[in-house]
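Two complexes follow with subunit A in common, the first pairing it with subunit B and the second with subunit C.
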Partner chain A sequence: MLKSILYKEWIKIRLVVWIALGLGLLALINIFLKVRHDIMFVDAANYWYSFLFRGFTYFSILKFLPFVIGLAVAIAQYFPETVNKRIKLTFHLPVSENGILIKMHAFGAVMLLAIFVVILGLFTAGSAIFFPSNIIRASLLTMLPWFLAGMATYFMVALILLEPMWIFRGLYAAAAAGFVTIFFTGASIGAFRPVLLPLTLITLVLSCVVLFSGYRFRKGEM
Partner chain B sequence: MYAIECKNLTHYYGKKLVYENLSFNVEEGKILGLLGKNGTGKSTTINILNGFLQPFSGECLIYGENTQTLSPDTKRRIGFLIEGHIQYSFMNIHQIEKFYSGFYPDWNSAPYWELMSKLKVTPTQKISTMSCGQRSQVALGLILAQDPDLLILDDFSMGLDPGYRRLFIDYMREYAKAEHKTVFVTSHIIQDMERLIDDVMIMDYNKILAQQPVDQFMNTFRQFNITLTSPEQEVDLDGIAVNIEKVKDKVEFYTYSTEDEVKNYLTSKGIAYNSFEEKKMSLEDAFIGLTRKY
Partner chain C sequence: MIKFSRYILVATAILVASIVLPTLFWTIFEKVPRSPNIFYSTITEDFVIVDGSKKKNPEGKEYTSEEYEKILPFMFFRQLMADGTMPDSINGVLMEAPSISRASSFYRYTPKRLDSPVPTLWPMFESQSGKVNLTMPEDYFRIEKRMEFIVARTNEVNEEKSSLFTAALAEEGFSFPAGIIAGIPTTRKSCDEGYFITDSAGALFHVKMIKGQPYVVRIDTPEELDIVYIEAVDIRSKEYYCYVFTRNKGVFVVMDEVYDLQRLPVDGFNPSIHTFRLTADLFNKCITVMGSNWYEAIALDDMYNVVATHGEEWEDLYDRPDGKMFASLFPFETQMRDDNSSFVRFYFKPSPGVRWLIVNLLALIVTVVLIIRRGWPLRSNIPDLIITAVTGVYGLIATQFFPNKFSKVKPPVKN
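Coming up: the complex of A and B.
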């Protein structure tokens, strides 16, 4: 049964996954071509200096990419379930309703995480060619909130899409917009370091909220 | 033994009462057709049966389990056709068969592929690009492959042309009778139901008007047409008729009384008529006669 559930979810999101990886790869190629170009024309020490002391982020092109990917994966996975209330088919399968929702959601989250790990892994490998480890570490710390925003977006959009009432959808969307915006405020390198743990914990809590929409759907809210 | 037992169902949407203390049962091995005009609670009942709606009070049991908390084993025994033959339209016929087969240990793909072989679709064609008739065959094939004990078919005729409707009904009737399946079905096209169902349940706003074997209903519920001697004559048939329509001197009424009982009643009320005729009805005529046209 798990195999069947994962099979269906993969059919829904596979195109988005490949596109997301392609976009990530293109963004990374863009970043490192630019870095290589700038280091050739400025010199490495000056380039590093502008990163460490002037807040120059050579990877800013990645800022909204995780958000867009999280949004796209959530829509690809949950929108087809909401069209014609197709989620009824899923809840009618001979498994626990919460159980199947958790498995679907976990699959989407793991796929999203996998995309992010690949992008961050390639970013780290590419950065290692041009930068010392402390710059790479600071870069990753700066980017981490953006990728957390991608996860949070995925969880919140799933909650919104499965919610049966438009008024609740609106409220959730407003809350989601307010929360996700937090991840993009502040420009200085590593500024989010003190709040990374609480933001991560809140994002983890958000991973479960989709069950509430599922419950409301099953109780016939409309 | 009942496959479905609904007891004292009461439901409201906001302050609007859908029905109050509605009770009905569906015997195992029977095909029951739920008929009712729009807004009488057919979809509400289907949603309660499938656990997608919690009634205000009362309960429905399927094979003895409350429909709000059906176990996976009981859900495995129920085949569900959503109104409009909704399926996972982002899949093709191979993908969807592979997907569902993983949930049902007794999955039998032979009837599914038999139906699919009749469709002019390519193996990789997504269900979303199929016609409504083709989609109905996919949905039907999946139900047959699941081989459930109880089939809940919500408005199966929606969007189907006459050929596909007939195909669906004939397949379903033959399958249900041969395999002793229980079927709970709703449809807007009542003439289709006549070929399919054993028992009929007719709902009106807030109540059930009739629940009995369809043959018994058709034998006991009658339509009479009379032509009055004078168009101005008052016609009071409240004692026998469930529905009456009078246009000038023509009176059309529906009743559970026999011809003799009706004639005696007309005489006792002093209603004079020139002609008296019992009109043969289809199930659709009887449905309209019972629920009225408006």
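Coming up: the complex of A and C.
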């Protein structure tokens, strides 16, 4: 049973997952080709200097990528369910309605997390060729909020899509937009350090909010 | 679980509302806060306060721009020389442009500098290359378990140089790793004086490179100082190397070459919330310590003796009409950024006073009316009522965005 549910979810999002990985890879290739070019033609010492003292981030192209990926995975997974209320079929299976929704949602979240881990892992490996650990650490600190934003976007968009009433979709979207904006607060390199833990915790508890609109959907809130 | 998920959403919505609504409010209503500049005039032997476009003395007498330029001859000596009104000598000292500009300096410290991410890699310049211009080194150093130089081109540690400097630091009793590292990491300075570094025990060191060799001096401090911030300066008078800010033992300057710590007379200065300004001229230094709604100006002679002080206080944010209105509308606000820090945090700021209670009460009434109109039992909505009573407008919005319709499961009893 679980296997078939996960297979169904995989069929829905596999295209998006491969495209997301491809985009991530393209972005990383772009970043490191540029770094290599600049280090060869500008001079490595100056390149480090602009990162350390001028706040130049060589990875800024990645800023909105996690957000877009999170959005795409959520749409691919939940939009087909809302067309003709197909998810009702799932809810009619002889298993716990909440349980099945949790499994669907966990699968999507794990896939999304896997994409992000791959991108961040490759980024770290690539950076290690050109930069010392100090610069890599500062870079990861600066990028983490963007990737958390991707997770939060996935959770909130799932909530919005499963909501049956349009007016509430709008209201949820307003709250979600306000929340996701927090992750993109303009700040210097490493400035998010003190707020990363609270933001991670909030994002983590947001993983279960899809149950709220799932419940409203099941109860036929109209 | 489902009810729990709703409260998570409500809490998130309250957080978002407490960030967004106050931001909107302040963009519409906030008045620019006062931030006067204070100078000390050798001519009048008194302070000059520049507040907006007004220039006045502490008694409130306003100066015209001509008078203002005349009483601050060191700031406006070019203008005065062009007008031919620059005195030939002041206090018996002949007025010459080079000596005036050499003695003039300005420094400003804000609490943001204390609380911000700091670089952990620094360039070590050759301070006696024999060339007029400084050149950017090809490596950067970090001080963790030892002092390491990393060559940028290869991203590899220069072992020889690293051991040389690590040994030189250890010889002076440096305990690794470093705390604060302060220097001027640019080639655009008159000369290189290296770095001022605290070790893990809080002791202060001066480290630079002379002809490829390490130069390390342990700087004796009069007592144990809890140093929180150091700023190296490149002033033309070469009077001192750097400013040293301590948690609560005041502000010091480290005198050039002799390494004496000179205490600046700023009692009660708190580096985490106060701003510090220092303007120096041929005869005096004028220090201004500024809080959110007050300042204290201190004038010193060239031997660091206090010659005059002046202070002023004005309406605090929440005493002004815009602040008062805010404090009656919202019980608190959350900001992601703060004036006193470069870090992003949840800065939670409760509004002073209890005037917001009225709006909270109104929000509570609206919630009750909405619940009754929908025919829901009040009893199953008690948590919502408590949330609205405490968080006011934010709670009202959040509980309506994510409505509590679980009461629908058990339909209200019909009589």
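Here is the rule we use: the second predicted complex is superposed on the first by the 221 of 222 C-alpha atoms of A that agree within 3 Å, B and C clash if a C-alpha of one lies under 4 Å from a C-alpha of the other, contacts with A are read in each partner's own complex, and residues count from 1 in each chain.
Please note the rule applied: a residue touches a chain if its C-beta (ideal position, glycine included) is under 8 Å from a C-beta of that chain, and two chains touch if they have at least 3 such contacts.
Keep in mind it's a predicted model, so treat the numbers as computed, not measured.
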Clash or fit: how do subunit B and subunit C relate after the overlay on subunit A?
fit
A:K219 in the overlay: touching subunit B, subunit C, both, or neither? Say first, second, both or neither.
both
In the superposition, subunit B vs subunit C on subunit A residues touched
C
Tell me the angle subtended at the Cα centre of subunit A by the Cα centres of subunit B and subunit C, rounded to the nearest 10 °.
140
Applying the touch criterion given at the start, work out whether A:P94 contacts subunit B, subunit C, both or neither, answering first, second, both or neither.
first
Check whether A:W10 is in contact with subunit B, with subunit C, with both or with neither, and answer first, second, both or neither.
neither
For A:A44, is the partner it touches subunit B (first), subunit C (second), both, or none of the two (neither)?
second
Nearest Cα pair across subunit B and subunit C, whole Å
6
Do subunit B and subunit C touch any of the same residues on subunit A, and if so, which?
219
Subunit C-touching residues of subunit A, taken from the complex the two chains share:
39, 43-49, 52-53, 98, 129-132, 134-135, 138, 159, 168, 171-172, 174-175, 178-179, 182, 185, 187-195, 198, 202, 205-206, 208-212, 215-216, 219, 221
How about subunit A: which of its residues touch subunit B in the complex?
1, 3-4, 7-8, 11-12, 80, 84-86, 88-89, 91-96, 217-220
Name, in rising order, each residue of subunit C that touches subunit A in their complex.
1-2, 4-6, 8-9, 12-13, 15-17, 19-20, 116-117, 119-123, 136-140, 142, 150, 152-153, 155, 185-186, 336-337, 342-346, 398, 400-403, 405, 408-409
Interface with subunit A, subunit B side, in the complex: residues 47, 50-54, 72-73, 75-76, 78, 80, 82, 84, 86-91, 95, 98-104
